[in-house]
């Protein structure tokens, strides 16, 4: 288009992909320790909204999917189904040790293994309830990855 | 030019007669006869338009050549001035479209010959009522109209409640006819004439109580025919069970005859629209009907019963606009009358198409028809948008005129009542929009219910008349000024200025109608089109730049749509917060919980008020008749 | 109208400094003093007793022993790997470690993309125990000699008493 | 002449009362026809006067001083009677069909369309 | 000249460009102010722009049960109708489009905007959207009555005899004798209008139609990518339109030259956005559905009716 306006616009869109991060939180059987830490990240003290974060209600509007909790037997199908319904490009961030390895519940009959088995995890934040700052650092890392993914999408 | 009116009426009646003779032979013959009859009457009415509407000439025809002598009219006269021709147009267009529609709609019914005979008699009587210039002739036409409408309502007597609806319509309708007859006779007792023009001439001087009671009786009679407030259960029952083309005729045409009668009564015969009390009576009736019918329609389950209540509430709009008494109010009312026939006809035909394909009209069972019947859904959206007054369509233009008329009337007469009228009118339009959102969600969009899985779009024979109506809806919405000057001003002028009507009828003089003077403003001018064009370009630029579209791939082999879909390929299934997506259609009566919750008592009162028992409806009618008579005695 | 309890505080907040920490901009604020964060493993102190492995609930530790190539036979090089993603930071290993080789630092910023970001490893060189100076046979011989000497001394003492 | 008016209005009111109170379909139809009779009587008595004779005369012998009853209401009554008959016929046929379908004549049971 | 002038008006000043910039600005200010009221830093001012651009960048998934044409068309028509409404607002006395009684046209175009949201939701075929659209309709019923009463009051006051629905006469009247906000009779109407704005826009305390926590983004449950961007943009432009409408009705200060007027207009819009949308967002929790309806039809309509009666008595 005229003086490569469309390049400028797609450049702006790629840049915006890392500035407006809509979080969608899936609780795959967590003890709610990580859940309250995620929400704590949005409180005035840590204020994830500075990064452009906002909790959304539906996976169709998710950019970063936060998974917490060891993927229990019951939540396995629901996790896979919800992850399938999120539009590309999106990042999967695991919060806490449970989703990465099942933590103390490792090897139990009710656990369906780490989230890695179902989809490649972009960023994982370790800590048995990681501090909100750690979660925000993880989200910042995910934002960078998201920008690459968005750029990769239209190459 | 002289005998066009009588020819138009007689072709319809002759058509009915010929059809019952020659129509039995074959379907093709029957359709040919009916189509030619309707076409001839339409052409005759259209032929009169340029001279009557344009030139302002009034066509008078005396039956049997009994012209008035020594200016006393003793013969039966047909008089066609701009007002009656305007309604004649509405009638013939609606008849034509519903006739063509019923060719395919009624194809699988038995005894179609009787159907078309009754249909043509109904059309003839309605056209006769609108064009006639004699009060008793109006009564006879009203009788034939009611008679045939009752017969046609009960035509499919196997549907649930058809006979019951027809019977109630007949019983309470006869109350209305009785009051018209008594009113006519009382006028005859005082003035010893039945000719409209003559009555109009002499009624001003004869201000005795008998005339006042006659006015009361006639007012109640025409309110019954227009299904105003206490009589609206009749229309609701009749429409819900009648075939779709007949519902269109009843709501589009019969109610208009009641409105025509009211206009003649109040503007021409007694010319007492000037009195504030008469305005209160007519506008009050309109407002009460408007509001109660829209709230009644709000939680109906049957699609056609919902449409019936809406059609009465729109007639309430028309009557409110008439009752204002100003030129702008009357032309707004007339404009809304023709718009109402168009979009209400369209909606009824859509309802017929839905019933034809899925066999049911219950909003709780329907769902997701838009995938199976795309064209019918598009037509439904046009009809729903125009009835709820969405800008580009005709409902918006006429409702807007009504608000202008009501508000300027409120300000000129500095009277708070018309402000309430304006407020009620706006609230009713929002509630109309609400119930059509409900119909759209429960019947057309949302998830496909088990009943609509095998429905496919209806044949061309039904789609063509519906699309003609849709095109008219859109066109009338875009050209309100030109339509106003061409049709509304002469019609309103004819009603506002009865002097010309009288002189033309009695002395046969050729009088020109003085067009009604009112400041009217265009709703739509070309600049809007440029703006819309610009907006579309903005939209297109957004399209070209953004990410691709993902259309749903077909289901993998192991998956069944609503029963079991593998979690991996659930990308295009609706989001059920992680659960497997089962069939769950939100529609019908579980919408608008917030609103219904607050008005529980109001809704349950009116639910019980429509008890369905003949005696109750008759009681309401008689109480209304008594109240109207007392009101007239005291104030008019 | 319902009273609005927070209206006053909300409006005054407008003019007060926000309490948000500047984290993504500045460096991460320090955790509380005794925060149990990432594990620090001091390989030199560890004596490979295995107490931590037995006590760790999520068994996030693995020990791999291989003979030290440079040293004498019997030397072992044991690599400890603590997987932070499966550790619950309960601190049991630190408490039970006799040698206090494991300490939980206050570093909580444990985010990473690949698994290696979360592994804390340490190589413990376990010298083979020093060879006893005498082989068991020599020990037996020395013991026999000591007995014999003791017997001879008692015999001489007995002879002297008799004399 | 006023007596006729009282009787006709009495008939109309009686008919309406019958339609309102009776719960049997036939009685409702009878009420409707009573209302019709009332209106017909009213129409006829409008044009009548005591000293008038039947409005029939041979050609050319209108004597001054003869007083005719007004013929127009009588014509209207004819149509009104015809219409009343048709309405009653239609109503009765509907009642028969309703009886076949609903099995009862009581209006309180025939209320499928309500609310 | 006038044709080009109107085109310029439409394209630049009170038209398209100004509307888009103003709506991004207002939405950004709103989010920052809400954050500041909760003593947190809050996003950057351009956050709404980033949100919209990001949504453009994401792929658009069409659900299997959705009716594709209506699903994609509804947002475009919604955005178009809201932008056309913005054309009627007099920015510093100059409005891009002038029709005799354009308050009614504004009322109906705003209704059209909400209708497209509803039709879009019902076309997406998800049960959450079904519940969402029924709530949106209840919200529409509840705020329509007070909005109408306020328009009638303003029309009556500015009409001097022949009542008017047109904003140009309202602006002329306020140019003559000061903004309407000054005369105390109209204060209840102003309060009623301030309450109507958040519900019309769908701002936090009254966003019962897309309540994330209750019905998973209700109306927009199935929207992603480009249509979602258009709906979000529509939300922002509606914010500008409603505050612009309030300024046009009540705060229409016109000094000598155009630039000062425009500046005052922007400041006034920001102030109105703060008072009517940011403060309730920061202070109250979300209303329940029937609470919204009861609240609007008793309290807000009471205010509007009170000032209407006062005006009608001729104060």
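Lettered A, B, C, D and E in written order, each chain numbered from 1.
Rule of thumb we're sticking to: a residue touches a chain if its C-beta (ideal position, glycine included) is under 8 Å from a C-beta of that chain, and two chains touch if they have at least 3 such contacts.
Quick caveat: nothing in here was measured; it's all calculated off a predicted structure.
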Seminar exercise, completed: Intersection of contact sets, subunit C vs subunit E, gives A
For this session: Note down the smallest number of touching-chain steps it takes to go from subunit C to subunit D.
Result: 3
Problem set entry | Highest C-beta pair count, chain pair | B-E
Seminar exercise, completed: Per mean C-alpha coordinates, the chain lying farthest from subunit C is D
Seminar exercise, completed: Ranking chains by how close their C-alpha centroid sits to the total C-alpha centroid puts first chain E
Seminar exercise, completed: Between subunit A and subunit B, the Cα-mean centres are separated in Å by 57
Exercise. Can you give the whole-Å distance between the Cα centres of subunit D and subunit E?
Worked result: 62
Problem set entry | Between subunit B and subunit E, centroid-to-centroid distance (C-alpha), Å | 34
Seminar exercise, completed: Between subunit B and subunit D, the Cα-mean centres are separated in Å by 31
Exercise. Do you know which subunit A residues sit against two or more other chains?
Worked result: 13, 44-45, 47, 50, 58, 60, 85, 87, 153
For this session: Among the residues of subunit E, pick out those that touch two or more other chains and give their numbers.
Result: 35, 38-42, 56-61, 128, 216, 221-222, 225
Problem set entry | Per-residue multi-chain contacts in subunit B, two or more chains | 545-547, 550, 571, 573, 575, 577
Problem set entry | Those chain pairs that satisfy the touch definition | A-B, A-C, A-E, B-D, B-E, C-E
Exercise. Which bits of subunit E are touching subunit A when the two form their complex?
Worked result: 31, 35, 38-44, 47, 49-51, 53-61, 128, 211-213, 215-217, 220-225, 228
Problem set entry | Contact footprint of subunit C on subunit E as seen in their complex | 33, 35-42, 279, 282-284, 299
For this session: Note which residues of subunit A are touching subunit B in the complex, please.
Result: 6, 9-10, 13, 26, 58-60, 75, 77-82, 84-85, 87, 153-154
Exercise. Considering the complex alone, what residue numbers of subunit B touch subunit D?
Worked result: 74, 136, 140, 143, 147, 150-151, 154, 157, 160-161, 163-168, 170-171, 174-175, 177-178, 181-182, 185, 188-189, 192, 194, 236-237, 240-241, 305, 607, 610-615, 618-619, 622
Seminar exercise, completed: Within the complex, subunit B is touched by subunit D residues 12, 16, 19-23, 25, 28, 32, 35-36, 39, 42-43, 46, 70, 72-73, 76, 79-80, 83, 86-87, 90-91, 94-95, 97-98, 101-102, 107-108, 110-115
